[in-house]
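Sending over a structure as structure tokens; questions will come in a sec.
The chains carry the letters A, B, C, D, E and F, assigned in the order they are written, with residues numbered from 1 in each.
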Amino acid sequence: MLSGESLVAVLVLLPVATAAASLAIKDERWRWLLIILPSGVLIAASLLLLAQVLENGPLTFTPSGPWDSLILIVELVLLAYFVYVGVARRHLLVLGLGATQLVLFALFKFAWLPSGFKVQPAFHIDLLAVIMCLVISVIGSLIVMYALNYMQSHERHLKLGATRQHVFFFYLVGFLGAMNGVVFANSLLWFLLFWGLTTLCCYHLIRHDLTDEAEQSGLRALWMNLVGGLALVTGMSLAYQASGSLSLLDLTGFGTVAPVMLLPLALFCFAGFTKAAQVPFQGWLLGAMVAPTPVSALLHSSTMVKAGVYLVLRLAPGYEGTYLSAGIAVFGAFVFMITSVLAISQNVSKRVLAYSTISSLGLIICCAGINTGLAIAAAIALIIYHAVVKGVLFLAVGIMEQSIHSRDIEDMEGLVTRLPALAGMAIIGMVVMLFVPFGVLFAKWAGLQAAAAAPTVWFSLVVTFLVVGSAAGIVFWVRWIGRLMSHTAAGAGAPEAAPPEAEPRGSLSYLVVAVLLAGGVVLSVLAAPLVSYLISPAGAAMGYNPALDTAGWHLKTPFGFFTPWVLFVVIGAALLLPTLLVRVRTEDIRPVYLCGEHRASTAGGPVFTSLGDQAVPLVTGGFYWSRAFGERSLNVWVNGAGIALLAALFVGVIV
Amino acid sequence: MGLISKARVKSPWIVHYCCSSCNGCDIEILACLTPYYDVERFGILNIGNPKHADLLVVTGPANRRGSRVLKNLYEQMPDPKLVMAVGACAATGGVFHNCYNILGGVDQAIPVDVYVPGCAARPEAIIDGVVLALDKLSKIK
Amino acid sequence: MSLTELLIGLAALVLAPFVGGFLRGVDRRVTARMQGRIGPPVRQPFYDFLKLWAKALSLPNKASLVWAWAYLLLTMVTVFMLFAGQDLLIIFFVLAFAAACLAFGAYSVRSPYAHIGAHRELLQILSYEPILLLTVVAIFLQTGTFMVSGVLEHGQPLLLTLPLAFVAVLVALGIKLRKSPFDISASEHAHQELVRGVYTEYSGRTLALIELAHWYQLVLILAFVALFWAQPLWAGVLLALGAYFLEFVVDNVTARLRWTWMLSISWGKGVGLVLLNIVLIQFVFSSARV
Amino acid sequence: MPWMIPNIAKNLTGAPATRKYPFEKRPYFPGARGRLEVDFLTCTFCGLCERVCPAQAIKKIGDKKDPDVTMLYKPFACIYCARCAEVCKFGSIKIFEEHTAPADRKLTLGREGEPVDEEFLLNNGF
Amino acid sequence: MKSVMETISVGKGDLGLAVQRLLDNNSRLVTAVCLDQEEHFVVKYFFHKEPELVCLAVKVGKDEELPGISGLHLNAALIENEMKEFFGINITGIALDFGGRLLLSEESPRAPLLKKRPETQTEG
Amino acid sequence: MPRMTFPFGPQHPVLPEAIQLKLTVEDERVVEVLPAIGYMHRGIEKAAEKNPYLNNVFLCERICGICSFIHGMAYCQTIEEIMKVEVPPRAEYLRVIWSELSRLHSHLLWLGLLADSFGFESLFMQCWRVREIVLDVLEMTTGQRVIQSTCVIGGVRRDIDAEQAARMREMLKTLKPQIDAVIPVFKHDYTIKSRTVGRGVLPKDQAWKLGAVGPTLRGSGGAWDARMTGYAAYDELGFEPMVETDGDSYARTLVRVRETYQAYELVLKALDRLPEGETKVKVKGFPNGEAAIRVEQPRGELFYYALGDGTSHLERLKVRTPTFVNIPALLTMLPGCEIADVPVIVLSIDPCMSCTER
């Protein structure tokens, strides 16, 4: 069996190597081989690492060799590159932030830190890191595989002269390595590099299509993430000044943090917020939608944004019981609510997904802020389930977009008849996202209980935000499912329905979606073992008391009790009973009620008789209540409130 | 009488369509729902949606557009269903018998089960008509 | 879950439709009397149900059948769970799923009225869900548990410390029972703009299923109201019936309002009241906190 | 909102306004225009009523002198305006205060108020 | 009370001007009545001119065009549609033209209010 | 923004009559309304040419069953004007009584329907319950509840004797407190005001330009009521039009509320001043000539035009009903409102399609 160290090396370096290779190889068939094989290896390695950590406890080591110098050089180059981008694109914000960060980092590294300063250990891999690694490696690899099909049709659709796929896969696969680095690193210096690398990959992936919009969105993502980077560097300097250490382990010693460390912790969390696209930094994630779908999927479900919440969660023991913790809880809950509300007014599928992602991340951050054993368990569960389900949804939407050439939810009306398999998967995915007894809701349940039992005085606000946000979530998901389902049944005498649109080829893409979806459902059914074997121990490893009891496949908190399988049985019955009990004949299918003026529907849908006995096709567009929930009317308030909350956070920490 | 037919008789939901009537019978039908006559005593609800209704109450003669709507409504009602034509013009065209846009009674468009005479039909007559219709309904197996 | 709880839950599943149907009958009767009419017999809802059940099948599509069944079964689960003393949060999550199933059924057909009804149903969920969940949290603060069984064991009547939350629950009750100022998604009396909104496309047996689900829901929501005075139980039942009667009165003295108004009252006043109540508990009745 | 409360309180405490129609029949006001009957003993078959009837609900079949002459009256076409009773010089047309009963087919009444088959009469030379 | 009605005959071309003058005088179109008089139509526009009625009578040949006044007074649109439909009179420039399907349906007789209807019509 | 286009009617529970509005909405907001009428068209104008002119009274009464008496009266007045018939004063007063009773029942009916359109079921029931008393009065005095058939050319067919008048006064006395009980609900109820105030605003100049009549015009501040011309006995009874200035659904409701009281007062006044004498003069000959008259229906100004050529059949009968000219106003009121307001605004002009389409 491979040693833990070598597994870590594989998980971090293999993607980087693969990425480098993919840059060189432009032949399509070789690329497939080149991508699929390492992906398999990555998945296997992450599973092996899990086994190792479960067996032996956290893995802590520092690789031998001149790695520190290498890291330093790459970091400096990276920062210089950001400055270069700022200059080349004439983007003052990027330039300013990049330059400041470069100067600050150089000052810190060369002026303040004693030369030869080493952080021991460089890597600390506990169960939380492994869970993240699993999410990154498994889901990330699946998304990369999906991208193989996707990018082919994407480029065919764009009618590009020369393929740019090799560049795409360079960043895409490299991203996975950087992410694994982020979750493994213990040394903040190393952490900073991997962090910066994700920013770089993100920037290039977003601007991949090189359109004006893509460039703009890429730059926006870059400067917002640079704000986070700057916060990170500042926090590092402060942390070093206060404690003389740059090890995450030292920062997060449970309950041992001196008040003076709160400010660096707050800065780190702030960096996490920017990465997780929390209000008011939601702009970059929304803009990231211009990128090809695998990018959005990767950014949203498994990597990038998850790096942000990972950092907040990782630091949670550090600020447990402080003002900062309460502030983070309120902030996260607020983001959860407000982005759910904003999502109600969106009719672009990817924007809905983006808002829902931000909202879920807000919930995770809120749980981290509540900072009890139950809350941390909820947060970890959310990371897992959200990654799987959001992956399904993004990838499904990606295929839809390629086949109906629109990402508007309105154009997805009645997709169940046109792309039955895909629409079915998307619908199930959304149900898994939204309703009991599936995993995401179980996590929400635990989170809400944790919030209600939270030790801070601000919990009432947190709970209120949570309940309103979860209600808003129901609205936009259910409506979307409704749009997908809305169709006209072919009754007796009705003309043949429109021929189903040819589903785009790309069996690998479908397979990936199906596998992920199956994963989501299976993990929901297996919630109890998942909690007892993975989530509770992960929390315990961070120093929290396990709060979830899973005896007999129930999930039990100190205050509540949840039996998922009963509900699974009921849902199964609901699907089965009608088919068993009722036989529907075609003549039982009646036309829809149109005030007595319906006509035999055409292939385009129901038709009614109107003005001057003319046939008028029925139009059933969805409602988005954009006057009430729209970005235009809310954005100012949302951003203002976000900034105010963050300001309150910092003011409170400093004072 | 089985439980099901009893339930049918006890719960006729009506949908009302005004097919070029003069409104006289329509307001009398509405008056049946109101406190003085209160047909909800018999379980009658003005449900307003053909898909939920058992009894289609038509006022006024069948004109050309109206008969098309009537056919549609009738077709949308699930079995067992009944049609009640209220007023002289719904039965035969009444005073409008010689209007060019009138086809005649409602039975020109759809089968009618009960005719209620009168111009305008009194609420009492309408209630009698409903009772007659329910009698017919109880015989449907 | 103990065997007793299981048996009580199962008994509730059997009895709830009878109680719910009877209460609906009382509702129609009392409403009629408030309008100066005699009204239908109290057993009228059962006739309606049987009649609908025996109607010939007529569907807009096959999917609506599945959703109608899902609506009923999930609602039944909530009733079972409440009477078996389960977790209140889960009960309301399942209830939301059930409500969404009703909307799914309406969405699955391309029918304008059903769609508008479903959209508005979502707004109703958006309105009452926060109130109910937040009230559950308030109950938790008083009893230290989310389990109904635990709430029942709590000695002190909740109403005394949660009066504001109770008022908010009455708002949610009005929305959930589809009573007048809030009856925007279905317009029960059907004389308004939506031709029964979400129900437009259901008919016959599927409509009967939905009616049955409503009876279950009525029992569920009244049982939840009864929790506010759980001991002695008869006081809770009286409280629930009183609240139910209050809904008749409100139904009969108000016009139906628009969705913006509903949202502003449920978020602004309803959620605000519960929040105020929670804050009160926290700072004023803090000694009562377990 | 409170403005309706007195009304419903009054309704709830008082007796319902409902006239229990099929069980308790309220007498019609004198002079109400309801069921119509033709008295053939006094009728002279002048045909005036047929001419003034706006709905053509009364029809004379056969010639005045013909022994088989009869009046057909269609209660389901009649608009109960009582114009015929007004113009009848012999008082042969009587208006009763109760309404005509509903039926499941459209009757045509002949002599003695018996239902007749209008098609049959018309096709048999009347 | 017996209404005193002033009737003014105007030519087809002067109609718009006359109507405009009345409208400037704060009058309101009550309705227009079309009369089928064998060889030609007479269209009578009734205006409410506080508190009396004013009638503008226009003579139009059976196959002549009559310029519509709905541009001046939107209220006239439905009235003109109806006249066009009932008489087959050719009114041009109606603000909202139903094309003969305002009140009559496809199977209804064409121009039913003409005294002598065209042969092709179906009997009502 | 996504749109929804769907039919509102002809069969729709909120519309008592068949009319279709083709609605296009964005979210809940109505952006386009197109009316499709013709569901109620019978062809009465042609039938009136086919019938003898005396029979047309009964046909015209059935143009609209709600204000049937006023239609019959308008037809009679038109023919009387052509034939220069002097109607006896008692008949004129009786006509006023019955047409005001019609208005009373029509307005109460409308108030009920309005309540129903925003789901205020108990108020609907209450209004219609009050209205039953008016119908009882009508049945007692005319023999029919809704289609009275008492007006004939030359006068009226039935008289109100002293006993009936006494009973009528008694019944009307019980009516007053009942009206008083429902009216404040319309005037003051918060929920009703929030559904009507500011909904479907029609400014005064626009109302006039679009040719609106009746309460639609008067709700917008236009002081025109055909009763001001003083037909029948109105000039002797004294008459002031009821005018509100806000132009929204609430103002139109208030106009009708005030007219309800006014109609009530007018009935009692006419009953008090009822002159003795004949109720009918005999009419001989055939109409020759033309006449145009206007009377006030509950819905607004009703216009009748008749042309007789000296035969028993009229050459032309033209009926222009108030709803016909209120439709353009309705179409300008609807865009911009919410779906929930559509029934309220449509009802606020008190549409009578069977009048409109004849």
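Criterion: a contact is a pair of C-beta atoms (placed from the backbone, for glycine too) under 8 Å apart; a residue touches a chain by one contact, two chains touch by 3 or more.
As the structure is a prediction and not an experimental result, all values here were calculated from the model.
J.: Among the other chains, which touch chain C and chain D together?
T.: Touching chain C and chain D alike, sorted by label: B, F.
J.: Report back the single chain whose CA centre is most distant from the CA centre of chain E.
T.: A
J.: Looking only at C-beta pairs that count as contacts, which pair of chains has more of them, D-F or E-F?
T.: The comparison resolves to E-F.
J.: For chain A and chain C, let me know how many angstrom lie between their CA-based centres, rounded off.
T.: The mean C-alpha positions of chain A and chain C differ by 35 Å.
J.: Could you work out how far the Cα centre of chain C sits from that of chain F, in whole Å?
T.: Once rounded, the distance between the two centres reads 43 Å.
J.: Go ahead and note the Å separation of the Cα centroids belonging to chain A and chain D.
T.: Centre-to-centre distance between chain A and chain D: 78 Å.
J.: Between chain A and chain F, what is the separation of their C-alpha centroids in Å?
T.: 64
J.: Got the chain A residues that touch at least 2 other chains?
T.: Answer for chain A, listing residues that touch two or more other chains: 590-591, 593-597, 611-613, 618, 620, 622-623, 625.
J.: Which chain C residues sit where two or more other chains touch them?
T.: 32, 34-39, 56-58, 112-113, 115-116, 190-191, 195, 200-201, 203, 252-254
J.: By the touch rule stated above, which residues of chain E touch at least two different other chains?
T.: In chain E, residues 101-106, 108, 112, 124 touch at least two other chains, as defined above.
J.: Could you please write down every pair of chains that are in touch?
T.: Applying the touch criterion to every chain pair yields A-B, A-C, A-E, A-F, B-C, B-D, B-E, B-F, C-D, C-F, D-F, E-F.
J.: Which chain D residues qualify as touching chain B in the complex?
T.: 16-22, 25, 34, 54-57, 74-81, 99-106
J.: Spell out the part of chain B that touches chain E in their complex, as residue ranges.
T.: 64-65, 68, 99-102
J.: Please output the residues of chain E touching chain F within their complex, sorted ascending.
T.: Residue positions touching the partner: 1-3, 5, 26, 28-31, 33, 35-36, 44, 46, 48, 50-51, 53, 55, 73-75, 77-79, 86, 101-105, 108, 112-113, 124.
J.: Please output the residues of chain B touching chain D within their complex, sorted ascending.
T.: Chain B residues touching chain D: 35-38, 41, 88, 91-95, 97, 105, 107, 113-119, 121-125, 127-129, 131-132, 136.
J.: Which of the residues in chain E come into contact with chain A in the complex?
T.: 98-102, 105-106
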